[in-house]
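Pasting a structure below so you can have a look.
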Amino acid sequence: MKKTKVAVLGATGMVGQRFLALLENNPYFEVSALCASERSAGKEYREAVSGRWAVEGEIPEKFAEMPVEKCEPGIDAEIVFGALDSSIAEPIEQAFAKEGYAVSSNTRCHRMCEDIPLVIPEVNAGHLEIIEEQKKNRKWGGFIVTNPNCSTIAMVLGLHPLQKAFGLEKISVTTMQALSGAGYPGVSSLDILDNVIPHIGGEEGKMESEPLKIWGELKGGKFENADMKISAHCNRVNVKDGHLETISLSLKKKASLDEVKKALKEFRAEPQELNLPSAPKQPVILMEEENRPQPRLDRMLEKGMASVVGRIREDKIFDYKMLILGHNTIRGAAGCAILNAELLKAKKYI
Amino acid sequence: MKKTKVAVLGATGMVGQRFLALLENNPYFEVSALCASERSAGKEYREAVSGRWAVEGEIPEKFAEMPVEKCEPGIDAEIVFGALDSSIAEPIEQAFAKEGYAVSSNTRCHRMCEDIPLVIPEVNAGHLEIIEEQKKNRKWGGFIVTNPNCSTIAMVLGLHPLQKAFGLEKISVTTMQALSGAGYPGVSSLDILDNVIPHIGGEEGKMESEPLKIWGELKGGKFENADMKISAHCNRVNVKDGHLETISLSLKKKASLDEVKKALKEFRAEPQELNLPSAPKQPVILMEEENRPQPRLDRMLEKGMASVVGRIREDKIFDYKMLILGHNTIRGAAGCAILNAELLKAKKYI
Amino acid sequence: MKKTKVAVLGATGMVGQRFLALLENNPYFEVSALCASERSAGKEYREAVSGRWAVEGEIPEKFAEMPVEKCEPGIDAEIVFGALDSSIAEPIEQAFAKEGYAVSSNTRCHRMCEDIPLVIPEVNAGHLEIIEEQKKNRKWGGFIVTNPNCSTIAMVLGLHPLQKAFGLEKISVTTMQALSGAGYPGVSSLDILDNVIPHIGGEEGKMESEPLKIWGELKGGKFENADMKISAHCNRVNVKDGHLETISLSLKKKASLDEVKKALKEFRAEPQELNLPSAPKQPVILMEEENRPQPRLDRMLEKGMASVVGRIREDKIFDYKMLILGHNTIRGAAGCAILNAELLKAKKYI
Amino acid sequence: MKKTKVAVLGATGMVGQRFLALLENNPYFEVSALCASERSAGKEYREAVSGRWAVEGEIPEKFAEMPVEKCEPGIDAEIVFGALDSSIAEPIEQAFAKEGYAVSSNTRCHRMCEDIPLVIPEVNAGHLEIIEEQKKNRKWGGFIVTNPNCSTIAMVLGLHPLQKAFGLEKISVTTMQALSGAGYPGVSSLDILDNVIPHIGGEEGKMESEPLKIWGELKGGKFENADMKISAHCNRVNVKDGHLETISLSLKKKASLDEVKKALKEFRAEPQELNLPSAPKQPVILMEEENRPQPRLDRMLEKGMASVVGRIREDKIFDYKMLILGHNTIRGAAGCAILNAELLKAKKYI
């Protein structure tokens, strides 16, 4: 199969760097352009990112000497990955979509638009069908697909086997989120040493609304929100990567603890069937130890692409309680956008 | 007023050290004996604790040269504070109570006994009435009073104004607990660096059961559990002191956000009226900032004796959600036991 | 004694906040003006600093409602403390000195000027004599006095008893410096978690040059550098406050280990004799434990105003090696500038 | 080539685990026995190590179900790797050597014995010649080879190119050592949070003496210490893996900065020539950035088997100063012992 040319918008930032690290050996895609702000444009990538490469290991050789380009249509690529700051991304992503590019964006600006799909490939691949509608409405040659917020992805992917098998009625979640979720330089060391910061701007709203769209139905060209209630408490803790979430939930159709565990363990979906290159073999991992998952120990299971579920037990108010852990910059950001693009290619949207 | 002589059982441990730091200038009490294991008995306190003094500042001068005694009745004291490890405390505390000492214990072993009160002075001072029953039943000259687990104290004190004014129906809580709660050496640095440990042995059970007794009624010499549901998720985070808890709750009698805030702000109770020396002026502090309370910044408010409440807002599943922070080794352990003893003295139990 | 009116330039920053916390109850000084950038000027102090108060406890009541003023002469004060960023401080401090104010500055911009004294009161109080020269040269009504860099102060104060008694020939120092030394937001949490940053811009140069001036002689209106060699390695570690330094040194006049310890223990100087309000009783503390001083345990000895020395032992290359710890934002910054001002007042320079 | 059977003594401990992780795919060796204390013997490895697997990733499948055996000769292996606690290792290692096993030990107990080599393969492979002497003296069928302490290995490997090219006269070193160096549970989280511990028992002595043997000459069956002076300050910092060291040194034969850098960059030795499977391509890496190496970013260069040198510059007292970083549990422990064994095999000692 011929590799599709892809570009990264915001390639010098923290999520942009993660895109590159994950794309280095991708069999579907070949990075043909690195785009960033005016300040970086014209420099070699290594120079533009100097001293701020934040992913483990060195800058991949193949990208180090590529020139950084401006974030404007005209670049040599079919797909563009969106990793720009949300404050400036909206017009830029739309410009690319208008000019015929497929945009797979990690930015929040288009997530809740009514003709733009918000996709986790294992959960709602069918929502891609709105793309035709989107292109027609907006008179675009290309289109935009988005992935959810990092803390939403971990939760929705981890709980999807239960939504599918039994239906979810209520979810109460408390997050303990990693520092890398705030970007770089992000959280000051003086704020987090010997501390927890019990507030992340806008995060609780995203966790309470995005799942309703993702688990909603696409009917007659419109998304109908799923019928469930979600309440979120979001906190920042002194952990580099990996959002850990405590979850209490009630099911629509009652199920035994064994049935719940079975549903989680056996869950596979379209990306696994299509054998997409970035798809985890096991999208939801169930741990049985009483003190797992833990961020540092378990965030890299399935190369950071799984939701790790643990400590499932009965709840005195809800039906069950449990833990979910997800790698926030891999599955929770760049990795999900790449998997979305692989799905688009496998399903001939590109 | 003549000072009452008090002893600390387990004086060399972490909670024992905190007892001494708090008792150094107490106007009601004078520390007349320091008791610890056979290994320490006979040594000077400074030597017995050498290299393991874990409270800020130095060992108070007045205790440094006191001899460490064995944990056996016969010591010169009227009150003994219990800070022994729960694995060995039970027979020792009972021996003291039998011999006429008043035992104010921070240990968990007697908390759930049906004739032993589990007291937070601002919440259920009335439960001390069971003492007469206890002495009679057990044919003891003295008696035992206990205080709850650290994470329970923060929650129950912080929510008591709402329980009193409106009644609590359901509480869902997730804790982010400090390292000092695990004692010394406690949690290995290798386990908590860049990590969260999502399990604390026995802690969830304590948080789900102790409040039912504390908020229960003492009727005809028996405690009747409060009628409410509690579900807890307990986690250890990389913070030295201060347990932070996210709480979602429903009230029995509906109340507006303003009414809820008013109840919290105006709350005062018997320790404040009696002007007990260790009582905080304001037992429940309400913060209005969107990112407070935080452990490092707010754990020492009211010298560590308050529950600090913040971020009160509506919940999509329960009535309200909020944060509560409490200092786990001060109000959550030694400070509560001392306040219990002050209450006993003010109410002539001693 | 009537209190002298003082102002703080850069009152909203991290060092400025520390000045206010230390000045709250100072018996010599009364804070009459708070000055900061144009952006803050006109606001109440509480509002100007909102969410960025970084000292333990709350903003002192007496300052919370004071108006923030611009950093321009005309304010009602006799002394101004300099806590501005060094990139903008130079012309501002000079404007104040010209208009008759006494400037006690923590900023680096004037430290190495040949007519401006660089003072640690216990070390080189005599250098204040250059003030007359300075006023005359520059035709200023007031004057500028500076204090050294934080890591320099800890080292020079801690070693001064040895310089005085035996003379220092060579000093090799490696620092492990606290996060608060980089200001706020300063070091990103992503850079320091599970890490050490082995470089602090300009710091090694300051540690190698400032001591030569401080320990130099003032002769005929000119400073002559001390004759010694200093080499520094500077590192940032994951500690909130307190710079720890390993030091190897050789003496000009040989001395036994006991003589060295005696010199350190018995050291007192002019601030102690004058009983200045911010002077530590014991400016140099000698610890004998094999694993002390430690930043978290010992930084607040003498309210953060001492240099704490420990682990003195023979060195295989130099004469002796040891540890020195100093609180970087108290004795290493605001506290030293305040002590300098107290010295100026006691010696009638103001 | 047929794989040689190897066993690990102390296989359940932290260094033992690291041995297994590194041996999983070693082309020279096949792990045929896992030995540990009586308490673990008889269990499956997975069970014996339960909850204490501390290396990234899971327990390698091939070891999980192996039985744990006692640390006694008779096991099926040719080489045994020593990872026991030094308090019990001495008689056990000797028993194996006596019975004909080749012991490659990471334990400190035999390091300074006069007929036992202390080897870093790139530095003093020639010292293996003492083995014949050792076997004869002790009437052993097998023999013992040791590797140095973790902080020594990083320093000696990193400086060896300079020793070889110019001779080292004096080395002054300050370490900032990682938590994993203290084993598990090792350092309490309460001791290291917001802190540095400026003492590691016995460490300074090892750093000051071991290099003299390693760089010494083997003459007439005896080691003669190298002629140089070393002084060490050892500290524990809040870092998981990777010892960082600041080093000031003087050379016997003067050399320019360029000559020094060239010597470091071009250094290769016998393990590289023999192409040993665990040998790094580049045993000494020279970084030119002003703030590198850093433990979290650079400890895994060359899979943790290199010494990383940086910030080389002139020193005001010595000739040059610099940083050295080494991974303490890989090259500084298990990795060095494995490389020693590979060298033994390549040179036909086994």
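The chains carry the letters A, B, C and D, assigned in the order they are written, with residues numbered from 1 in each.
Assume a residue touches a chain if its C-beta (ideal position, glycine included) is under 8 Å from a C-beta of that chain, and two chains touch if they have at least 3 such contacts.
Keep in mind it's a predicted model, so treat the numbers as computed, not measured.
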Quiz item: In this assembly, which chains make contact with subunit B and also with subunit C?
Solution: A, D
Quiz item: Where centres are the averaged C-alpha coordinates, which chain has the largest centre distance to subunit D?
Solution: B
Self-check item: Winner on C-beta contact pairs when A-C is weighed against A-D
Solution: A-C
Quiz item: In angstrom, rounded to a whole number, how far apart do the mean CA points of subunit C and subunit D lie?
Solution: 42
Quiz item: Hey, how far is the Cα centre of subunit A from the one of subunit C, in Å?
Solution: 48
Quiz prompt | Distance from subunit D to subunit A - Cα centre to Cα centre, in angstrom | solution = 41
Quiz prompt | Per-residue overlap in subunit D, given as positions that touch at least 2 other chains | solution = 193-194, 238, 240, 291, 297
Quiz item: Which bits of subunit B are touching subunit A when the two form their complex?
Solution: 170, 172, 174, 176, 193-199, 208, 229-231, 233, 235, 237-240, 244, 246, 248, 290-297, 310-311, 315-318, 321, 323
Quiz item: So in the complex, which bits of subunit A are touching subunit C?
Solution: 54, 179-180, 184-194, 238, 240
Self-check item: Residue ranges of subunit A in contact with subunit D within the complex
Solution: 51, 56-57, 193-194, 289, 291, 297, 300
